[in-house]
Amino acid sequence: MKSLFFRDLKLAIRAGGGFGLGLAFFLILVVLVPFGVGPQSELLSRIAPGILWVGALLACLLSLDRMFALDHEDGSLDLLATSALPMEGACAAKALAHWVTTGLPLTLAAPVLAILLNMPPDGFLWIFISLAVGTPAMSVIGGFGAALTVGIKRGGLLLSLLVLPLYVPTLIFGAEVARRGAEGLQTTTPLLMLAGITLAVSAVLPFVSAMVLKVNLR
Amino acid sequence: MKSLFFRDLKLAIRAGGGFGLGLAFFLILVVLVPFGVGPQSELLSRIAPGILWVGALLACLLSLDRMFALDHEDGSLDLLATSALPMEGACAAKALAHWVTTGLPLTLAAPVLAILLNMPPDGFLWIFISLAVGTPAMSVIGGFGAALTVGIKRGGLLLSLLVLPLYVPTLIFGAEVARRGAEGLQTTTPLLMLAGITLAVSAVLPFVSAMVLKVNLR
Amino acid sequence: MLDVKDLSVARGGVPVLEGLSFSVPAGQALILRGPNGSGKTTLLRTIAGLQPALSGQVEAEADSIAYAAHSDGVKGNLTVTENLRFWADVFGTKGIEHALQQFDLESLFDRPAHALSAGQKRRLGLARLVVTGRKNWILDEPTVSLDTASVQMFADTVRGHLAEGGSAVIATHIDLGLDGTNFDVTPYKATQKKLVGFDEGFL
Amino acid sequence: MLDVKDLSVARGGVPVLEGLSFSVPAGQALILRGPNGSGKTTLLRTIAGLQPALSGQVEAEADSIAYAAHSDGVKGNLTVTENLRFWADVFGTKGIEHALQQFDLESLFDRPAHALSAGQKRRLGLARLVVTGRKNWILDEPTVSLDTASVQMFADTVRGHLAEGGSAVIATHIDLGLDGTNFDVTPYKATQKKLVGFDEGFL
Amino acid sequence: MASLWEYANPLKFMRLTDRVLPWVSVGAAACLAVGLIWGFFFTPDDFRQGSTVKIIYIHVPAALMAINAWFMMLVASLIWLIRRHHVSALAAKAAAPVGVVMTLIALITGAIWGQPMWGTWWEFDPRLTSFLVLFLFYLGYMALWSAIEDADTAADLTAVLCMVGSVFAVLSRYAVNFWNQGLHQGASLSLDKEENVADVFYQPLLVSIAGFVLLFLALVLLRTRTEIRLRRASALMAREKLQ
């Protein structure tokens, strides 16, 4: 499991960028939105927490599709399945590697990008906290989606379709935390819900993913 | 070229959904944004044209990454390159197939989704027109990006990174048309610019893509 | 030690082989033979536990099977050493030098795997087998793309493995120069059950 | 008719073979030989025009080359017929029945290609060659995964192609039973140029 | 007494449904006709809502069935996962398109109703939101079925997806009870009765709900039969190939 985790990290870094790319996508998205909605800064600052969250979510999503697909194509997954490594462990390790290469850098970068969107400075801390608590859930849920669609060519879009609805609760509570934080309101309730989601999916989904993967290898 | 076009269509449809999936992603995205920014409908209706455009752009983008990648992996691209088919033609055919499977359905669906975002009914026509004129450019530009990144595993994110900046002019003018249309202002200038971009990239980029592809095959 | 009892296997829902029984004692190799499409790959995947059998059993010690198929599970972005070391870690064994040396990969040790020739990549895939430390090798056309010298290397490795009490099931179309039982799957081709009336059921 | 003059080829920026000259007249086959990693694939890709030569020339009629490599260019989601017909369309030829029949694919005609066995898929890849209608076949290990009967089929097809005035360059590790010139690439291995001083250039 | 499981045999299932289906269809048509005509033409307009209240006869049954369809799929999927009866998996597959249409009807009628009632087509309140997510799950569920070729694999994977999606089916029914915010009626049918005047609305509503239930049943049975025949046809075709 440890070795799988480190191999995935290494692969992410080698494959031209790794850490960098998720971030770059996030950055570009945050830059594109003002072009789309027009540059009125008061409007921007109101939608900033939401856009940052949606952006983080999409950046996560884009890097998901190859979580298992590459290993499936080159046969590694078959070999892993016949190895001593329990599949649950493999799924957890892969989700963790995904989080380290996307969720973590996104979380660290979000406060900086918040400036671009004219967010009030009080919100910086809260966008950071909400992403730190919420992104692990996105990696784990994404892992489940990736496991479901592993055998399908052009699975990328189907993956998004399956995973995005699952992301909705995380998004709602995460963005709520960030928004309330930015407006100086109480954040305890949504933050607790967010943490609850993250814990629940991390506890349950790796097992489901492992099951699904085994079915897919048949 | 015709055969390549029809094969790509066939593949898109066979691979579970084809048309449907790009659309579904668009739908989901448009649904997610209100979760992110919160459900105040007046705010939503102001950002609606921009969000629709950004959403269409991302839906295009997600389906891009496999435009050449699948053909590269299974060796078809090598074989195509040694065939009588000029590479420029192949690139154009592939971009066209991409547009028919994503850009076109997106354009048709956008007015419906505009309802979800509370857009004023006057804007429906304009969001349709702007997308109809703008999405072909996105497919052609996307084809260029896909050609650039064809040899790279996990190229998906890199592709986004390369292509998104290229999408900026299309996005600016497209969203401008939709926004002005929704507000009942003159749209001629941005619409002309948008059409100009589409024509220019369609005339030039297939040749560049072909060149880039040849380099990538080496 | 591997025991196959009255096994039937299917691919894509269609029965391919049925009524297979054989056993491969320690120290022995079974060479699977049969024309293209006869069902060797399907059989091997079933034995390796990657797909369920239609009926019958496969008996083997727990965690004793190492499977190698058409695709090598080699990551192009990792070097030869990194690839091997990863698999060694996954299977909890140590020391990849032996495997590198057995397949003459020492001079390529820090080459990223995507810059290997077809045969070199295949050798790396086979070296992976050695580092699994598993007893039962299930090999699907292992010598594809190998030149004669490398086929020899492979045969020597298998012989060494058998001498240490391992066993192997190998599907191949060429002669490997191994002495093992030949087993032709052709006679076990699944036959049609007679259709007795139309029962609106599946088949 | 294919003429190779004083060709040097490189992969990944490293020279692999140099000073190659040979010519393959119509009706003749050239069998490329050489151990794994000797540079056969690199040479064939250069001849097919997929990568530039370091120096030297490849002369062939325009649009006369058909290339077939390790990967078959077969789409799993299309059926056997659809795959072949696509390539026939691309190369502007008609009639795929002949090709289907030559590689005994008729009974599989409407099977999606992902449901073929390794050897069946390979046969489909080879059938593609026939529908290209091209004269110079450049083949990289065409018989991988094929059983003996299919190798025979392949050899017959090549013989037929030669008899019609085509030519072929085939890299292989096994004996195909074709009579053609054998050409061993080993002696042409690129040597290290002596370093003469430091001239601010690369090497 | 014969065990219920016997009807998991395709043959038995086909025989039984062959006899049952006409009755169910007739029942559905009758209930729908009575309920809708009664509701539309023989009830007074509501004192607050005017004639728009009549949408209730379509909206409520459709929304009910949209959620119930998912629960039915869940049960069928669980039976498939545990006992591996193919008919059960096919019934789940057959129910999805019917469910998605019900969802769509509820969404559209809700939106049309919302315009006069709330002054907006759409609002992101908890119930509407989770209902919309449920709609997306229906789409994903059907897309997954069609993307995977091997039938058993597809059945397994969609079954798992169905289990996960049930969270949202539950939410769209009970979300109002968790969060007491939002525009949409929190009322269950009984509360609705107290709030809205009387049996005048209530009785035709019940009849049309019964109609929707029967309609759903009829469509699912019909589609399951089709799926069984399709499976049978592809099995025969595969068999032919084998020779």
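Just so it is clear, A, B, C, D and E label the chains in written order, and each chain counts residues from 1 on its own.
One rule holds for everything that comes next: contacts are C-beta pairs under 8 Å (C-beta built on N, C-alpha and C of every residue); 3 or more make two chains touch, one makes a residue touch a chain.
Remember, predicted model here, so these are calculated numbers, not experimental data.
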> Expressed in steps between touching chains, what is the minimal separation of chain B and chain C?
Replying inline: 2
> Counting only C-beta pairs in contact, which pair of chains has the most of them?
Replying inline: A-B
> Farthest chain from chain D, comparing Cα centres?
Replying inline: E
>> Using Cα averages as centroids, what's the distance between chain A and chain E in whole Å?
In response: 32
> What is the distance in Å between the mean C-alpha positions of chain B and chain D?
Replying inline: 37
> Could you state the distance in Å from the CA-based centre of chain A to that of chain B?
Replying inline: 23
> Roughly how far is chain D from chain E, going centre to centre by Cα mean, in whole Å?
Replying inline: 57
> What parts of chain C, by residue number, touch at least two of the other chains?
Replying inline: 12, 70, 77
> Among the residues of chain A, which ones contact at least 2 other chains?
Replying inline: 11, 15, 73, 152-153, 158, 161, 164-165, 168, 172, 218
> Could you say which residues in chain E touch two or more other chains, in rising order?
Replying inline: 129, 136, 139-140, 143-144, 147-150, 152, 241
>> Applying the document's contact rule, which stretches of chain C touch chain A when the two form their complex?
In response: 48-52, 63, 65-75, 77-78, 82, 86-87, 89-92, 128, 132
> Of all residues in chain D, which touch chain C in the complex?
Replying inline: 11-12, 34-37, 39, 41, 70, 115-120, 122-123, 141, 144-150, 173-174
> Mind pulling up the chain A residues that touch chain E in the complex?
Replying inline: 144, 148-149, 151-152, 155, 158, 161-162, 164-166, 168, 172, 208, 211-212, 215-216, 218
> Where on chain C does chain E make contact in their complex?
Replying inline: 12-15, 190, 192, 199-203
> Which of the residues in chain A end up touching chain B in this complex?
Replying inline: 11-12, 15-17, 21-22, 24-25, 28-29, 32-33, 35-38, 43, 46-47, 49-51, 53-54, 57-58, 62-63, 65-66, 70, 73, 152-154, 156-158, 160-161, 164-165, 167-168, 171-172, 175-176, 179
